[in-house]
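Paired with chain B in one complex and with chain C in the other, chain A is shared by the two complexes that follow.
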Partner chain A sequence: MSGEIEADSPRYLRGKYAIVGVGETEYTRGSGCTTRALGTRAVRAAIEDAGLTPGDVDGMLSYSFNDSTPSPAIAGDLGMRLDFHMDVYGGGSSIEALVGIAIGVIEAGMCKTVVIYRAMNGFSQVRIGGTGRGRGSAMSGNGLFSRGIGMVSAAQMFCHSFMRHMYDYGTTPEQVAHVKAIHSEHASNNPKAYYSKRTTVDEVLASRMIVKPLHLLDCCVETDNGTAIVVTCIDRARDCRHTPAVIQSVVGRCLKPRSDMHYQSGPISTVAGRYAREILWPNAGVGPEDIEMTGSYDAFTFTTMMQLEDYGFCKKGEGGDYVSSGIMRLGGARPNNTSGGHLCEGYTHGINMVIENVRQLRHDVDDGCPVGTNGKRRHTYDYCEGGCRQVEGVELSANLGWGTPGMGSAMVMARGS
Partner chain B sequence: MSYTLPIPQPGTHTRPFWEGAKAGKLMLPRCQDCNRVHWYPRHLCPKCHSDNLEWIEASGEGTIHTYAVQHLAFGPWAAEAPYVTAYIDLKEGDRMLTVLRGVDAGKPQDIRIGAAVKVEFELANDDVHIPFWRVVEE
Partner chain C sequence: MAALEGEYLGLKVYIDETDRENHTFFGFCGQHEVRLQQCVSCGLKRFPPTTACPFCAHGESTWEVVGGRGTVYSYGEVHHAIQPAFRTHSPYALLLVELDEQRGEPGDYDGLRIQGNLATPDGELAPPELVSSVGIGTRVKVVFRDIGSGIAIPMWSIDDEVEQPEQPWRYAIE
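Coming up: the complex of A and B.
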């Protein structure tokens, strides 16, 4: 790996913090309730999952596109008095960054345990596909020259990167269609998934064009949901209910050069992961070859592909081969988005992919396998439709969060003891 | 025929661009310290951070860097779909986003990355002429 940027940040927090609780509401289209209700229920579920009570949690973080309910309201509903809270602006690539912030504020002595949530009516209120955000804003800066020609949705803007990737490396729509097909296989083994039906590569390619080269089924689902995780230090984590998912390394909202409009210069078939990896792997003390499962953000099929490539899971330009090789399937060498991800499970701006990896590292993912007398599932590792989705013996996972082609976040987690 | 699509409102530091557009000229910001052109217009040079910017009349020539065919569009642009968007490698440096003309959105296989394009301007109102790029015969 080339080293254009400094990656000498302190690594002494490696293994010192963990995700101890995860929770979510049902993934729906039409929650019938407010983001306040979704957030409160998700936070309660994550704290309960950790084996804690709301009174044990003194920090709160959230992220949104001004389409959510802020922390003081959620905390109030749960009777919590917080020593720290912050609600940040942003969507994809926020969650890994916020885990890093949570570690920082605990390390600074500002609080002891932080719950992070994302609550959104992403279908029934503020839709992410371009019919909501952005339409009312002034045409200035970047927007002066993009909004004027109708550029509103993420698909409209991002797809130019994929087109250039196809030109530079010969990547094909058929190759990235495998991402949807594979994630749909995983979703068929996830009782929570909004789309649980298996989809074929041919069905993706036959679906209507949204922005060439993207078909409808190359695009993620829009859903209503609340989702949350609980972060604390490793000593407290050992007292919690489940095996902790121990944080080895985080990178937050790492940018490409001139990221306000990265298309202006340099190679656009490269994404921010090319820079984020220079922090992620040295700080984790492992490389992509050591990772046993990934959660590569699938706002679109090609975002999964471009990130896996730029984080070094394959050689530059070979992302199309990687995602269509079968390596990402359950039973493959390195499964990706075993919940079905944004393409199938539900859209959360990244946090559900972290929740999934935490459950996988506990070896207790919520599939259809029978629950034993000890309360744990007895996984069959038979990945047939409706079957198991636990990755056998997984010890090390990576999440690769996507904000734009020019902005990414990432996190490595290990199974704790 | 009146222009029915969204019209940008020229701001303070982009005035020379829009004045040039009215005269059919593509004006680009160039740094007088490092001599490099940047797009879109900024308050200082994003390459060497100098305040010492000037506006130059550009050739209006470029090539297609990448493109996409917009089938699902929003607002007034919805009626235009499908249409082709592209990033243009400007002859003077940097890239500009545009709606590409001289191509058939129904035949994307005929659009070639690297193809030569030239700028043209369409009158939107008395103050704003909007740049579009058109594929030229080679």
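Coming up: the complex of A and C.
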């Protein structure tokens, strides 16, 4: 794949923008507050983390399933007058796309620095896993193809892709269960994680069936939280508090064919990453073999595997071997979702995996390692339970965001200077 | 042309006449026919019902009868139902049925694939012993469940008139 890459060409805006601030609230089930409060706290935390004040930030973006509080309210609560804002509809795969939009609006001169947030009471108010939203209203024609057949939750909607992958390639339940087991190891070294207990492959397979082929522990947690990141240009980034996470390439909500009903177009065991990779790697000037850690969206164990495969981290069909090989474990060659991701840390529709990679690229991930006199952690790189989760010397990361099997976003970030 | 109204599993169904494509599709189902749009320009059939042809963007189509037989292309089994209406029917099967017509067209891996539930021959959601007998490769045929005046929904039952695979492919853990 690297043969197609023009590594020396100044592709688009490679290296010209960075994530300079990250912040989140606690990951809970029962926040006891509004999404307005969650969003306000997360945005304030991300701006403070960047070493900025609310008055330094003039752009705001958010995404939601109409289960959040829009930007003008959050900005108002923090006394921010915005030159640009937009609140978009959507969940997974939004964050990388919004980073691209933030770069675009800054490049267009519409504003200078953008904070992006996702605020959700994803457990205590609107459960994406299914609350029977729309229950009571009459089913329309399209509804007869979804509500009318009991295909409304993500697990119900994606199961055909997952099952067909097992049929097409011989992928086994045990292989896929490794994703949860490995992410739970990572979460055990993350004090913020909602589920911090280590889970075994056997425990995943013994958990009750939700939608075959998904056991309960193949499915992510649902939590309440606010999360935010700050994007600005590289010149301003150098004035911020931390080493910037420099954006090398971004792909936003790339689609498979037949987005009206993607199962019409095959192979259905291939996901949108198959198309997104053709933008991601050439624009970044690197290939998957150069990436040192990944954040492959884990709404389900399967989503992590199928994306890693279609972005080229292994051969098509060998995702089961890849995820069960140990390569994506801390201490392995390319750790994935070192915070525990959606399976363990908390559910944010992708932004916590970006936050994690930003902290990793700073070499200052918030694990249990002792903090030195310079305020930075002295990482031990001992990945035992409760220990370190910093990837040693990481310089280059990739985030692979999932919306559906037919829709994905991605981003490559490099450690700045 | 009036709206189509019905009720299924205690859920109200209402298809406004302005939703012409779905109104037509489910109206034909009410006559116990599966008809799909066939593009007058490129000649390809399509599912789901759409305003334009996904293969050539042409706006005109005719509604052509298809045989209503196909093969299970993929499946899922819902053991944890979310919607109250489905809880008493768990586990139920979600099928992705590839019709016999237009398999491998226009691309090698393309086909006319309709999502639906496994049913008994008389259109009731399948009981657990039937659910656990289907897998990828099972041959199925359409059955219609009438849900109102002039409206039915297509469901899928195991086709007992054709040869079945010796063992359909099923998930490794039962």
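To be clear about the criterion, the second predicted complex is superposed on the first by the 393 of 417 C-alpha atoms of A that agree within 3 Å, B and C clash if a C-alpha of one lies under 4 Å from a C-alpha of the other, contacts with A are read in each partner's own complex, and residues count from 1 in each chain.
In this section, a residue touches a chain if its C-beta (ideal position, glycine included) is under 8 Å from a C-beta of that chain, and two chains touch if they have at least 3 such contacts.
Keep in mind the model is a prediction, meaning the values are calculated, not measured.
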item	value
Combined model on chain A: chain C and chain B, fit or clash	clash
Chain B versus chain C as contact partner of A:Ile210, first or second or both or neither	both
Partner chain(s) touched by A:Tyr263 [first = chain B, second = chain C, both, neither]	both
Superposition-derived comparison: chain B or chain C, residues of chain A touched	C
First, second, both or neither for A:Pro173, with chain B first and chain C second	second
First, second, both or neither for A:His160, with chain B first and chain C second	both
Which of chain B and chain C A:Ala108 touches, first, second, both or neither	neither
Touched partner set for A:Arg147, first chain B, second chain C, both or neither	both
Intersection of chain A interface sets (partners chain B, chain C)	130-131, 135, 138-142, 144-145, 147-153, 155-156, 159-161, 163-164, 167, 208-213, 258, 261, 263-265, 268
Parts of chain B lying in touch with chain A, wherever the complex brings them together	5-9, 11, 14, 38-40, 46, 65-77, 80, 82-83, 85-87, 94-99, 108, 113, 130
Partner chain C, residues of chain A touching it in the complex	129-132, 135, 137-145, 147-153, 155-156, 159-164, 166-167, 172-173, 205, 208-213, 216, 258, 260-261, 263-268
Chain A to chain B touching residues, read off their complex	130-131, 135, 138-142, 144-153, 155-156, 159-161, 163-164, 167, 208-213, 258, 261, 263-265, 268
Residue ranges of chain C touching chain A (in the complex, touch as defined)	8, 11-16, 19, 21-23, 25-26, 46-50, 54, 73-86, 89, 91-92, 94, 96, 107-113, 115-117, 136, 153, 169, 171-173
